[in-house]
Structures are given as structure tokens and as C-alpha cells.
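In the part that follows, the structures are each spelled out as C-alpha cells.
Paired with chain B in one complex and with chain C in the other, chain A is shared by the two complexes that follow.
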Partner chain A sequence: MTVYILAEHRRGELMDVTFESISAARRLNDEVVAILLGTDLADHAEKVAKYADKVLVVEDERIENNTEAYTQVIGEIIKKDKPKVFLMGNTSMGMDIAPALAIDLDSPIATDVVGISEEGGRIKVNRSVYNGKVLSDLVLREAETSVIAIRSGEFSAADLEEKNGEITKVDSPLKETIENKKFLEFVEPVAGAVDITQADVLISVGRGIKDKDNLPMAEELADAVGGVVSCSRPVVDYDWLPKDRQVGTSGKTVKPKFYLAFGISGAFQHVAGMKGATMIVAINKDIKAPIFSVAQYGIVDDLLKVMPALTEKIKELKS
Partner chain B sequence: MDVIVCVKKVPDTAEADVSVDAGGREINKERLTFAINEWDNYAVEEAIRLKEEDEGTVTVVTVGGKDKEDILRRSLAMGADKAIRVDMEDPEDSFVLANVLCTLIKDQKFDLVFFGAQSGDFNSGVTGAMVARMLGISHAAMVNGVEVLDGSIKASRELEGGLNEIYEIKLPALFTIQTGINEPRYVSISGIRKARKKPLDVMTPEDVGVTEVKPMLSLEKMYLPPPGKIAEIIGGSPEEAAAKLASLLKEKGAF
Partner chain C sequence: MMEVEEGNFDEAYDVYACMQCGKCTGSCAVSLRSDLNIRELMRIAILNKNEDLEKHEEIWDCTSCGICTVRCPRDLKPAEVIIGMRSSLVEGGTIPVTVRDALESVGTNNNPWGRPKSKRAEWLEDLDVKVKNISEGEEAEYLLYIGCTASYDPRIQSVSRAAINVLTKLGVDFGILGEEEPCCGSEPRMMGETGLFEMLVEDNLTLFDEFGISKIITLSPHAYNTFVNDYPECAKRLKEDDVEIPDIELEVKHYTQFLEELIDDGRLDGEMMNEFSGTVIYHDPCYLGKRNNIFEPPRKILNIIPGARCIEFDRREDRSLCCEGGGGRMWAEGTGTGERNAIIRVNDANQDGANVIAVACPFCLSTLEDAHVTAGYEETMRVMDIFEILDEVLK
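On to the complex of A and B.
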């Protein structure tokens, strides 16, 4: 079985999900061909070829940073070569491209996939649903090509076998410049006054903090331990804290010595940003919250009771 | 600007005790509470803001049974002008759902279509882009900023690590909306009552002209994750647990 994967890169950097995609494709046990699109691709091609059986390189500046051009070009390549599976990351780019590609190719699609296998020619996937509390097994409809988008960080690329595959240049199949959807620019995140990536102790609050008015309680605890307040995404979405305090895939990756998660459920997008902490403590009233499987220590209780008590005890121990 | 917003009602499972039913293909839903999908609520708000800035209409659409109507009423109370419910069981399969929505939307008057970036129950995140492709219009996924230009939209897409990318996209277009794009307004019970006079059309699949399509995925089973490694739980009252944690933090050198 041949699996085509997308080598994702942005602003001169190859994304980790490229190698994770190769790793996922290897579970289907056969030839892995990587597609690399854009400009300035020589370095990327070599890095990818190390682990892929083949790399197809399409140099065309009309494709660079344009998801619509990506979709059309991948579609043309897949229609011609007819691999059994096309696989990419369920990244922001994947969420834009993969479903559109599935319609263009009349292919079944499974996204946010955490497990993949083949059974009698059919592709079977494992997905995590209902806030990570339930797993589901699904079988994809019989098709010439199936489209799979994998969850980032889920398929380890640590033990990839070296292949030193062949690099092949392919003429751009893009018929015309995309006029309906023009890429204009990247916008950098705004840096704030506090850099949460530099803190040794993070007091991190999630939706469980319930109200903006409870935030000073977290600030007091942070002051008592000499730490900084960070948060999960909803706290930023509600405008309770600025974006630069957000931990996770769409925020910052932190590696503090101590990470105290208050009222955070432990969605994978959050965990991806903090699992490198030396010691993780979760305070959550729901023992089934996924955060307890990443934490070393936990308290199953109301954070609004635990947090002020912890502040008091720390102050006592310090004096 | 005429905007159509597709909305879904989903169970809230973040804090609930979730179990799989005897058939092994669905969770037990009797004791769960349901609400509009978080992403869709931001999409409805964004559509209403566009209307308030300029002019136009907002139509909210859901595919599902009568029990799903409350999210439409809520959206009307927020400021949407019209609601449509396609009266059929909410399709499990995204491709089947996209087909229904495409068939409905193609006969409506619109400049923009909004979806949620994903639904909070299954996190598929595919329906919006699929419908755009079926309609043959441009789309952008994970949109966290919208600015109206002449005949086009400047849309910001959220990327990893807090980075955004900006596109100019010609109308008509379809966007899937990411959380945090705005602050959805609050709706009161009395507001919902007042919105009762606004039109809510119920259409059968036949009215819409829905044709049968083959699902792309078949669910084999759902199950609870096998018990794995779990944190050492510090017990006692909140004060006792806090005292033990404080000592532990001190011992490990946190302060």
C-alpha cells in the first residue's frame, strides 16, 4: 500500500508533524511518499528524504502560503498517482485543506486521528471524542484514496527508520494563480509584560475558575510562591487574561519546574504546551478529567476552596 | 451582508460523568445538559456584528429534531433575523450532513456562510470546508478575525503558537470560526421570549430536496479509555489537602 503524506513547513521551518505523518503512515506498512510544495525546498527535501521512500518536490511560488493552491496541487498529484491513503497533520493548515481535498477526490476523510490500522484493505482509525473521555473506532468507506489528518504529537517520530529516499522534481500542476484567496501576510503574536516561558512556577487557571473576579485569588497564590499566572484557552477567549498567558498549541509551550493546573480539564491542545514541566499538580473537582493522567499529584476538590487555603499555608511555611 | 450561520446543539461533557450505553455506539445522554456548540456561538455573534456594522440579514440553520430548536431561538434572541430547522435526525456522518446543508444553502441568498471551526462533541472540523467545496465557493478555516472590504473579506486565520495569517478572500465565501474572535453577547430568558415572533421555518428533507448519499465513516464502537497512569491523589478536606501540597511544594523547592 502506498501512502502519500504532506511535508508541512512555514516560514523556512519544517513542522514536526511532517515526521509524525511519516510515522503514522508506517503503521500502514508500506511505501511512504512525501509531497513538498512551495519555494526554497532543497533543505527540507533532504531532511524529509532521510525517512521517506520518495519525496515529490513542486517548486512554485504561487503555492507558497496558499491553502487553496495546496489543495489543488495535492489533488492533481493524488488523482494521477492514486495512493491508497493521503495523510497530513490535523493542524490549522490541515483543517483548511483536508476536508476540501476529500470532496475534490470523492474520498472519505477522518480527522484528528490518534490511531490508524488496515484491516482487509479497509482503513480503520481511532479517535478521541467527548472531551477526551471516550474513544471511538471507525472504518472508512471503500475508496480509491482515503484522506487522514492526524493529531499532532500523537505519533512519535523518535524511531523512524532511515530510508534516504529519492528526491524527484515535479512540474507544478497548478493551472492558474489563485485569485479568489490571496495570502497577504503573517501576523506575529503580541508580546506582553510577563513571559510565562521564563517562570519556574506557573499557577495556571482554566474555565473552572468560573469568573474573572476569582482571578486575584490566583494572583495571590502566584505572589506567595513567587510564580506567575498562566491559563488555558477559554480564559483568554473570555478576555479574562491576555493571549500571552495562554499555554497550549495555539499559545505558548512552557517547561516550568512546577505547573499547578486549577480547573483545567487537560485537553490535548493544552497538555501539548505543558507536559514538559518537571512537576505537574492538578486541582480539579472531576476525577475523570484527563489532566490527572498527566499530573504527578492531584487534589480532587473545589479549586475555590483549595486555592486560598494553599496560599495561606504557603505564607505560613515561609514565615 | 447576508450571512448564513450553521449551528449544532451538543452535550456538555467537560464536567460530566460520561458513560457508554449498552449498544457500545453512543454515550448515555439522559443526564447531560445540552447547549449551542461553543464555536457556533462565536459564529452567530460575528454574523450579527457584521449586520450591525453595515446592513443585511443573519439566518441560522440547524439540522435536527424539534428538541434542537432552542439553540435557534437563542440565536434569534441574540439578533439573528430568521431561523431554519431541517427536520431530520442530526446526521452522525459529516459527509451526509454537508450534503444536506449544501442542498439547503445553495438556494438561499447569501454573501457569507459561517460554521464553527469544529463541534465540541466529535471535534471533526470538516463540515464547513466540505460545504464550501460542494457549493464551489472559497473558504478559510479557523478564522479569528473578519474585516469587510469591497467585494471581499480580509480574514485572519489562526495558526499554531499564536501566529495568524491574513488572506483576502472574494465573496461569496465560507469561514469556519474559531473561539475568541469576539465576545458573544448575553441572552436573557425574556430576550428569548421576545424573539418568539421572529420566523423559524421547519423544512422536511423533501422540502430541501435532500438526496441520499453514502456515509464515509462507519462507527464500530465507542468505549471508555482503558485506565492508565493516574496522579497520586492528595486526600483530606480542602485545607488538609492544601497543607499537604504546600509542604510538598516546599520540600521540592518551589519556594
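On to the complex of A and C.
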């Protein structure tokens, strides 16, 4: 079964998901053909060819960074070569291209796939649903080509077999320049920005922290447990922490494995942003604080005493 | 209100009549602390330069207070133009994540707070009195429409319970819809989700019809405003599009209007109350005041409370300083920097010598409650809904 994959690259760098796609494709055995589109592709082609059976290179500046052009070109190649599967990363690019391609080709599609196998000639995938709470197995219907977008980081590219496949240049099948969609610019995330929604452990501080000078204490605890500091809205209002650290209905919704709330009363707008955490521990000197009704564990004490003691203990356990 | 296709602002809102005088921006509740410049947005609408709307993050700063519309010398509706702009952003999917989540939640849970429908009536659990539930077949003259925020936010739930206690004591024949109560759609509409709003109007009018509801008392001025002003207009438009909508006339009152009538009928007076001690300052909510010219009823109620010394803000009635709670701002902080209006408001109240800020809107209660703690008045000042004050004093 031939599997075509997309070699994704951005700003002169090949993306890891390219090799992860090859790794996923290998689970379906047989030939893996990589498609490489855009400009300045010679280096990339060599790197991809090392692990692919074949690399198709289309040099055309009209394609560079334009997902609409990507979709059309990949579509043309697939219509011609009819591979059993077309596979790419479920990246921002993949989310743009894969579904559109499936529509164009009238193909079955599975997105955000974390597992893949072949069963009696049919393709079986595993993907998570309900916000990651349930994993489902799906068997794709019979089709000339099926489209699959894999979740990045799920298929290890560590042990890829070397293939040193051939590199073939293909004339660009793009009929005309894409006018309805233009690539404008790459927007960099603000330097030093911390994404609290991605952290497994959040050390969250509220008005109870009292003073900006007490924040390093929270940072120290966060460092010790490998977490990140987040906060309630007043802490942002006082300018003690930037806006992107705010948890709540008008801030960020977080679902860490572990949420430690220090000196946070548990107002509705705050709780709505963190109640999905797996484990919530609240530290508050007021036993009646509503935060205790959503916390699994609580400590009723002065956070200025608890926080350093906790840091100390964790450091001790780690050493 | 109208669904705005890209590029037809001019037709939908008659924007060509705008003379760029800037009175709207001059009146705007948030332009002092944010980049929002409604005159400039009017200009963008006139020039049909809508393609860059997503760069104007400040479109989400608007609290929908409506004062720009009130003040426009050309009788234009700048506040509606913002909703139109938000609509096209909603269509294009480029909206703040928190706003998206709130809108999605209205679709799935029938409330913007991300809370399950099954918990909508949990606030009833601590009540001593029995309330009729119209959705369970019980009959009542009035529906007390609680609204999403007063159903779910524990601080505001206390207003819902106070309302039940007060109306029961006053012998009003009323009921609620409990878990079946829907979102009124006001906030989704202000956040530009026109389609969702239309769906709610259709569903809710059908629901009211099914349960024989024709008289509604609302806790929130936002629900009041949308039932009174937006529903009839939207229903008319839907009918023109051949959507089947029951022909019902709703008689809707904000609770302060309803209580004023009881005062006029002699069914509510100071004799029925214990002494209240405090200097009370009333904060006019935009959706009662600026948008609907309802200034007197809340004041009349406060004035009959024995012992309450009523004072006034300098900025009151249609000049009342917006608390920044409406227009989706519950779910969008906005680009604003510096002091929140709510902080300015509680500082003003403190300076005027008030120790109780009386409100008549769940959003005002949220924002001012939060601000009075942030500004350091937790021990010296209370923020109370008028229903809460009444619940405290009624014998």
C-alpha cells in the first residue's frame, strides 16, 4: 500500500511532524512517498529522502506558505498517482489542508489521529474525542485514497529506517496563482510569554499574596515542582503579573493535572476557569472561602507560611 | 438589528448620514481607558473598509451601554454598528477565545457560563419558601425570569433568593421555569451572534406560548431590554422570512417597575419594613437608564425604606458611569488599561459618603462587588441589589 505524506516546513526549517508522518506511514508498511512543496527545497529534499522511499519535489513560489495552493497541488498529485493514503500532521497547516482535500477528493478523513493500523485491507485509526476523555477506534470506509492527519508528538521518529530514496522533480500542477488567499506574515508569540493553558502544574496566587514582593516565593515553588505561576484577576489589576496569567471566565480556562490556589477566595468567575483541573488544592486562611468547595484538599493557614515550607519539602524530596 | 454581510454596513445602518462629529466617542463609556473610538469605527463602516476589522481588537471593548446611540445628533445607531462588526467577526471566526467559549456554551448549555443546564435551579435549594414551577405545569400570573448570571453565580444567586422571598411576602402570584429557563439571548446578540439570537427568540417565544406565559418580571435589565425591544423586532423579521412563531404579546417589566406599581397600589410601603441603617447611593444600570429611560422606579423603592438615607451620584441617570459589565464584557477584558470604571464608581460612592451601593442589575452587582473589594472598601461598604435590601428589611 503506498502512502503519501506531506513534508511540512516553515521559515526554512523542516518540521518534526514530517518525520513523525513517515513513522506513522510505516505502520501501514510498503512505500512511503513524501511531497515537498514551495521554494528552496534542495536541502529539505535530501533530509527527507534519507527516510522516505521517494520524494516528489514541486518548486513553485506561488505555493510557498499558501495552504490553498498546497491543497490544489496535493490534490492534483493524488488524483494522478492514487496512493492508498495521504497523511500529514494535524498542525495548523494540516487543519487547513486535510479537510479541504478530503472534500475535493471525496475521501474519508480522520483528523487528530494518535494511532494507526491496517486491518483486512481497511485502515483503522485511533483518535481522542470529548476533550481527550475518550479514545475511539474508527475504521475508514473503502476508498481510492483516505486522508489522515496525525497529532504531532504521537508517532516517534526516533527509530526510522534509512531508505535513501530517490528525489524526483515534478512540474508544478498549479494552474493559476491563488488570489483569494494570501500569506501575509508570521506573527511571533510575545517573547517571554508563558502559556498557562499548557502547564501540568499551576501555582496560582490571588489577592491573599498581599504584595508583589511575595511573588518570587511563588516562582520558587513553581520552579521546584516544574510548574508555572498563574493568578486571579486582582493580581493582574494590581499589575503584579501580566494579563496572560489570569485564570477565569475573562482570562484563560486551564485544565492542569495539579492546581494549587494560594489566597484565592474562589469567586465564580475564577472557579469557572479552573474547575476542570484534575486535582485542586486550596490554601486559604479563611475556612469559609468558597474555593474549598471545589478543592479536593485544603490547607487552612497563612499562605506566606505554607508556600516556603512546601518549596522546602519538595526540594528535600527531590534531592 | 440586521445580519451584516461583509460590506453592507451602509445599507444596514444608514451610516452615510454620519457627519463624523465625534459626539459618540465623546460620550463613550470606555473610550477614556481604551482604544475604542466609535467615531472611527463609523468611518470604517462608511468607507466599507471592513476587511481589517480583526485588527481592531477594541471592538470587543464596547459595553453596549448605548449612550452613543442616545447622543448621536443624526439619530444613528453607532452601538448597533459595533454589533454588526462583531457579527462579521463571529462569521469569520476571529473572536476572542473567551467570547467563543461563552457563545458555544449558550448553544450547548443554554447559558454563557459554561455550566450544565441541570444545575440551573440549584440556587433554589437553600430556600425556605415553596416556589411554583411553571415548567412543571403549575400556573401563575407572572413568570419571574431569573436569567443566567443570577442562576449560576453564587454571589448573584442571593438576589434570586431575595426576589423569591420578597415577592412571596408581598403575595404576588408568580412562578419560575427552573431548569427549563432559557438564556434570553441578550448577551449573545451583543456579542454579534445574530443567528444564535434568532434561534433563541424563536425557541423562547414558543416556550412561553407553550406554558401560557404572557407576563414576565425580570431581575436583569438586560433581559428586560431584549424582551421588550429586540424580541418584537426579531420576531417580525423572522415571520417575514416565513419562520413559524407564535403570536404572543408579552407584558414585560423590570422588577423595579413592578414593585413601583405595588407601591402605587398601596401593596408595598415603609410600614411593612424594619429600619435600615445606611447611606444608600443608587447606581443606574445602562440597560434601564440610558437604553430605556427608567430612572424613577428604583429610586421610589429606595425612598420608602425607613432609615435609608438616599443620596445621588453626580453622574446619574442618563449620565451614569457604565460599570463595564455588559456587551459581552463579562467574557472579554478588553484592551483597556488603567482604572476600571467600577473602581472609579466605588471611589465616587465612598467620597459621597455612601456605605451601601444599591444596584438593580446582576452585571452591576458583579463588577461593583469586585471593585469595592479591590478598592479596599470590603469592611466599610456593601454592594447590594435592591431586592437584597428589601429582603433584609421586609417584616
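Assume the second predicted complex is superposed on the first by the 192 of 319 C-alpha atoms of A that agree within 3 Å, B and C clash if a C-alpha of one lies under 4 Å from a C-alpha of the other, contacts with A are read in each partner's own complex, and residues count from 1 in each chain.
Note that a contact is a pair of C-beta atoms (placed from the backbone, for glycine too) under 8 Å apart; a residue touches a chain by one contact, two chains touch by 3 or more.
The structure displayed is predicted, hence computed values, not measured ones.
Visitor: In the superposed arrangement, which partner chain does A:201 touch: chain B (first), chain C (second), both, or neither?
Guide: first
Visitor: After lining up the shared chain so the two structures overlap, which partner does A:310 touch, if you call chain B first and chain C second: first, second, both or neither?
Guide: Touch partner of A:310: chain B, not chain C.
Visitor: Who does A:40 touch here: chain B (first), chain C (second), both, or neither?
Guide: neither
Visitor: When the two structures are overlaid on chain A, which partner does A:299 contact: first (chain B), second (chain C), both, or neither?
Guide: In the superposed model, A:299 contacts chain B only, not chain C.
Visitor: Is it chain B or chain C that touches the larger share of residues in chain A?
Guide: B
Visitor: Residue by residue on chain A, keep only those touching chain B in one complex and chain C in the other, then list them.
Guide: In chain A, positions 207, 233-234, 237, 243, 246, 249-253 sit in both the chain B and chain C interfaces.
Visitor: Contact residues on chain A for chain B in the complex?
Guide: Residues 10, 65, 67-68, 90-93, 95-96, 98-100, 102-104, 107-112, 124, 127-141, 179-189, 200-201, 207, 224-227, 233-234, 236-239, 243-244, 246, 249-253, 257-258, 265, 279-282, 285-288, 292-293, 295-302, 305-306, 309-310, 312-314, 316-318 of chain A touch chain B in their complex.
Visitor: For a test of understanding, state which residues of chain C touch chain A in their complex under the given definition.
Guide: Interface residues on the chain C side: 97-98, 101-102, 113-115, 152-155, 329-333, 340, 366, 370, 373-374.
Visitor: Inside the complex, what are the residues of chain A that reach chain C?
Guide: Residue positions touching the partner: 207, 233-234, 237, 243, 246, 249-253, 267-269, 272, 290.
Visitor: Once bound in the complex, which stretches of chain B touch chain A?
Guide: 11, 13-15, 17-18, 20, 27, 94-95, 98, 117-118, 120-130, 132-134, 138-142, 154, 156-170, 176, 179-180, 183, 214-225, 228-234, 238-239, 241-243, 245-250, 252-255
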